[in-house]
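What follows is subunit A paired twice: with subunit B in the first complex and subunit C in the second.
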Partner chain A sequence: MFLTMKVAFRNISRQKKRSFLLAGAIAFGMLVITLMNALTGGVVGTIRDNFSHALGGHVFITGQEWTDAGQMIMKIRPDENLDRLLEENATQIEAFTRRSQAMPTMIFGSKQTMQMLYGVDFTEEDKLLDSLVVTQGRLADVLVEENAVILPQPVGERLGVQVGETILIRLETLTGQQNVGELKVVAFIEDQEELGLSAAFTSRSYLNTLLGMDQHEYQILNMFVTDLSLVDSFARIFREGLRTPDEGEEEAEPQVAVMVAGVPLDPLAEAEEITPWEGTRYRVMHINQIMEAVELVVGVLNRVGLVIFLILLVVTMVGITNTFRMMMIERTKEIGTMRAFGMHQKQVKNIFLWEATFLGLLGCVGGLVLAGVISLIVGNITFDADPSLQFFLNQGQVVFDVSLASVIGNTAIVVLISLLAAYWPARAAARMSPMKALSSHT
Partner chain B sequence: MGIVELHNVRKVYTLGKAEVHAVRGVTFSIEKGDFASIVGPSGSGKSTILNLIGCIDQPTDGVVSINGTVTQGLNDKALTRLRHETLGFIFQSFNLIPVLNVYENIEFPLLLGKDRPGKKEMREWIEFLVEAVGLADHMHHKSNELSGGQRQRVAIARALATKPQIVLADEPTANLDSKTGQSIIELMKKMNAELNTTFIFSTHDTTIMDIADHVIQLLDGLIVEDTKKSAKVGSLS
Partner chain C sequence: MKNMMSVVVALVLCVLVTGLPAQAQDFSHIEAILERLDAQSRFDNTDFSSVLTMVVEDVEKGIEKMVVRQFRRDDGERFLLLIQEPVTEKGQGYLLEGDNLWFYDPSSRQFAHTSLKENFQDSDARNADFGSNSYSSSYEVEGYLEGTLGNFEVYIIDLKAVDDTVPFPFVKLWVTKDSDLVLKTEEYSLTYRLMRTGLFPKYTKVGDVVMPVQMVFIDELVPGNKTQISVSEISVSDIPDHVFTKAYIERVNR
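For the complex of A and B:
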């Protein structure tokens, strides 16, 4: 075993150029598949992060209830059951927000614009203000006046409004009535529009009055979890904990189909044949449900990559088979000698198979190193790309993330194909008659 | 009973439709410790007979017995084992494994077996052999860094590595100048005397044949003369 391995290993460096070419071809295939995996793997992570950021959480809870007039509205009332769940699972929650939201028309003078507006409990969300980048005004002023608003800088420019001035907003209440209010601009912030997140902030209590809600009510509970890998089970705890007894169990994982202004909306809510219910029904969704579509695309891309990889390998395989056939002829006398001294057929075969294995591994290592170097270089370039592309980038940079499992899997494929390619020449070499081999003139 | 016995051995090669009678009924016996030489002109069947004794070829007819084992009917595995256990080989063109150095080439046959000697014992034995063939200074050289004579010395050491009963050498001096060839035969003779290993070599060089104590002369696949010298000639002194 060690002898055959040793001879095989030495044989690799015998015809350096030839080994280099073969290993190089394998390395190229490995490079392609690894970069493909790394790129798609990284993009999934990046998109998940960007989505979480844009949506403000990993798990989203909304509540729906029916008004006396038979209208379904989306809101969450103060709920002891929900509070208890939050408390019980506090260790798993990195942060949570309870916000109201609206898409009002903002009017200043003759100009107007539609803008996402969040109603925030600034005392509860004490970290929000720190995370915003002020370009003008003072953020802390939102705590002073109830109808204070923080606007993205571009929105302010569009409206031509200055800090300290008051704008008008027109919006619909939850039940669909027109309403107007006034907001006093206290600060401008840098927009995060590249993430599809252009948000203005005002106090929740003020927005609630405009929406026709009580001060302590809100529309959506967003949670960031500490361990993203547990998000499914975490969401399930809330889904089960919040289910009312009269609710069916069927919709374990509601499909997220429509998203309006960053909020996943349940398409069934608009369906006709829903019988009204008493109280609030909760809907718990999480980021992975949204990521499913992304992962589907990524899965397809990876499969395409695998096909390219396999095609490259099959082409290489032909090269390996031919090379091994050549090696067998070149080494005929040597094989005869080894056989004469008592090397068994199987051991001769093993020399060739070990050689193929080493060649494959060499190619894999080469390809991985190359992929590492390339991803390191490309990963450090900051792309000033189109905003829509920024969604696939992490602060303008491509993220490469390859799983150990896929590397091991691809290496196994390479080694398997190398072995397959070398098998017939190896067998032929082993079955040669020692006498004929020794009398050969090569 | 000799360590090598051939009885009515025939070997017919078929080349397409033509039949070549390489060996046409040969009977002889070689005793343990013999320094035997098979001589004859080109095509007389020397290599064929050595291949038959070396268990890398099988007779068409007749019996070949090596160290008491009849080779007939043995499968490849058994023949391989028999070669490993009882035979050593020296070739005309040296046939060292190019990727192994001098030490490793000599060690090579030892590593093929299942029951190997201990590590230390093995190293001492190989070092003894390297010393005996006069290559102590070239232990870690590859074969392409050695002269033909040096390569053949390595080959002699390698042939002796497993302490075989019999060492076969098909024209071991044919690729060497006569002086080097002479020294190679003398080295073989020395090892034959020291280790009591049976050597069988083929040659068509009559000066070299004189050193042998048992000469089998061939012509056209038949023995024309089989002489055993009781008083050993050409001993090193």
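For the complex of A and C:
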């Protein structure tokens, strides 16, 4: 076998130009599919990270209850059961935040703008202040004044407000009553992540007052887990632990109802008839539920990429078949000599097949190297794209993430197709009569 | 003895002074006024239709004129507001069916649930301003003063919402003493900040109903923002039942 491999390898190097063109065609196909896989893989990871950061966690818990007037409101009261679950699963939780949120109209003079406002317990979320990039003012002042607010710089510019000045916010309480608050601007920050998901921050207790909630209540509990691969089972623990006896068994995971900048992520959710219940009912969502839609799109893109790859390979396969036929004709005398010296039909066939395998592998390696170089160059360019596109980028850069499984899979497909393309010329060469081959004029 | 007398007098005064706030003030005549205000704002025996011309002044967006056709049937708490101008919003409509208020957008051909507490379009008027009053059932009297507003002698009534189903938790009304007309309203937030002032300089009598035909709503948070509403083409003719249906809104847009 070693001999046939050696002969095959030597044959490839005999016609360098031809081998280069064939391997180049294969390399191009490999380059396209690898880049496509790496791009989609990177986008999924980037979107997951960006969503986690924007939403403030991997697992999100909200609570809903009915008021005496028959209105459903979203809030979580202090709950021993929830505290117990947090304590029991502390090792799996990297960090958690308890926030209130509103989308008030911020008013300064005659200028107004709507802005997502989070109510944060700054002493509990000590890492938040470290993660914000201040452009003006002092973040530490939020700990001094209860109605202090940290505003994204563009919002401050839109309102024409300066640090130290007071703005009005018009919002509705949880039950829909009109309310007005005053917020003192203590700092401006860079717009978070440039994702178009800018958020302002004030103290939770002050926002709670304006929303008609008690000091210790909140609206959403966000958790970052230590191991993202266990997020489904982690969420299930909380879902089951928080289920009230009258809720019954859930047949499936609930629809995602996570809000980004006040916009629900499940616009297709249909209104349904709900029977009021006593107490708080919890909804537990996790990042993978949000990513399902993204992964669906990515899956389609990958399939499209695979089809393009296969089309390229079929075209290449025709080229390989023709080239191997030509090679067979060119080497007729050589084949006759080898057969006359005792080489078996199978060995002759194997020489051709090994040649095809080597060509395929060379093409794959070439394609992978090219894909690596391109992704390295493109991945280091920082794009100043539209904020909505920034969601697909990691700090303005494209992330390429190719899995070993897809590389092995694609290589196997290339080698298989190359073998298939070379099989008939190889078989014809093997079946050639040594006498006829030796008397051939080619 | 003299000292003892002064102690007794002081004690009696103390009891009287501390006892005074405990005595409930009699607001029955003010409550009666609120009931009359509610009753005279309701078209219980007839249907009602009119055309509302709204001039919305916004310091940032400028001045916009809107024309809205209004159909009301208070028996059953129904109303329909159909926007006729501007052309970009023509065909949009608000349909109130009991507790449910629907907004129809002809561009998407879909109905969306909305609330009486919401503002009407980008104006300073609220959807609730286009129905009947419910002061007596939604608010309780906190206090009142007697005063004048222009040439009119008025009661200045402080109201507090009995629950959180109304948009404004606190309201102040200026009601004429002799004719029970609301000339001015001030609406306050939960933190008792003035949010909106309403002025009602002109009224007309339609059957048993007394209704303002000119209204001005001033946004007190954004200086310069206000909405003026004039009511014209008033009619109390019967309105066919099918007008108060979703199908009608869809049909008039075809």
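Here are a few things to note about the model shown:
The working rule: the second predicted complex is superposed on the first by the 425 of 442 C-alpha atoms of A that agree within 3 Å, B and C clash if a C-alpha of one lies under 4 Å from a C-alpha of the other, contacts with A are read in each partner's own complex, and residues count from 1 in each chain.
Keep in mind that, in the parts below, contacts are C-beta pairs under 8 Å (C-beta built on N, C-alpha and C of every residue); 3 or more make two chains touch, one makes a residue touch a chain.
Note that the structure is a prediction, hence the values are computed from the model and not measured.
In this superposed model built on subunit A, subunit B and subunit C occupy separate space and fit side by side. In the overlay built on the shared chain, the residue A:V297 is in contact with neither subunit B nor subunit C. Contacts of A:A340 after superposition: subunit B is touched, whereas subunit C is not reached. Residue contacts after overlaying the shared chain place A:M103 against neither subunit B nor subunit C. By the touch criterion stated above, A:I311 is placed in contact with neither subunit B nor subunit C. Vectors from the Cα centre of subunit A to those of subunit B and subunit C enclose 160° in the overlay, to the nearest 10.
Of the two partner chains placed by the overlay, only subunit C lies in contact with A:G181; subunit B stays clear of it.
Of all Cα pairs linking subunit B with subunit C in the superposition, the shortest spans 74 Å.
Shared interface residues of subunit A, touching subunit B in one complex and subunit C in the other, do not exist. Interface of subunit A with subunit B (complex): residues 2-3, 6-7, 10-11, 14, 333-334, 336-345, 347, 433-435, 438-439. Listed in rising order, the residues of subunit B touching subunit A in the complex are 47, 51, 54, 56-57, 76-77, 80-81, 83-85, 87-89, 91, 93, 95, 97-100, 104, 108-109, 111-113, 158, 162. Within the complex formed with subunit C, the subunit A residues making contact are 67-69, 107, 109-112, 168, 170, 172-173, 175-181, 210, 212, 271. Here subunit C touches subunit A in the complex through residues 59-60, 113, 115, 117, 161, 163-169, 187, 189-191, 193, 195, 221-225, going by the rule given at the top.
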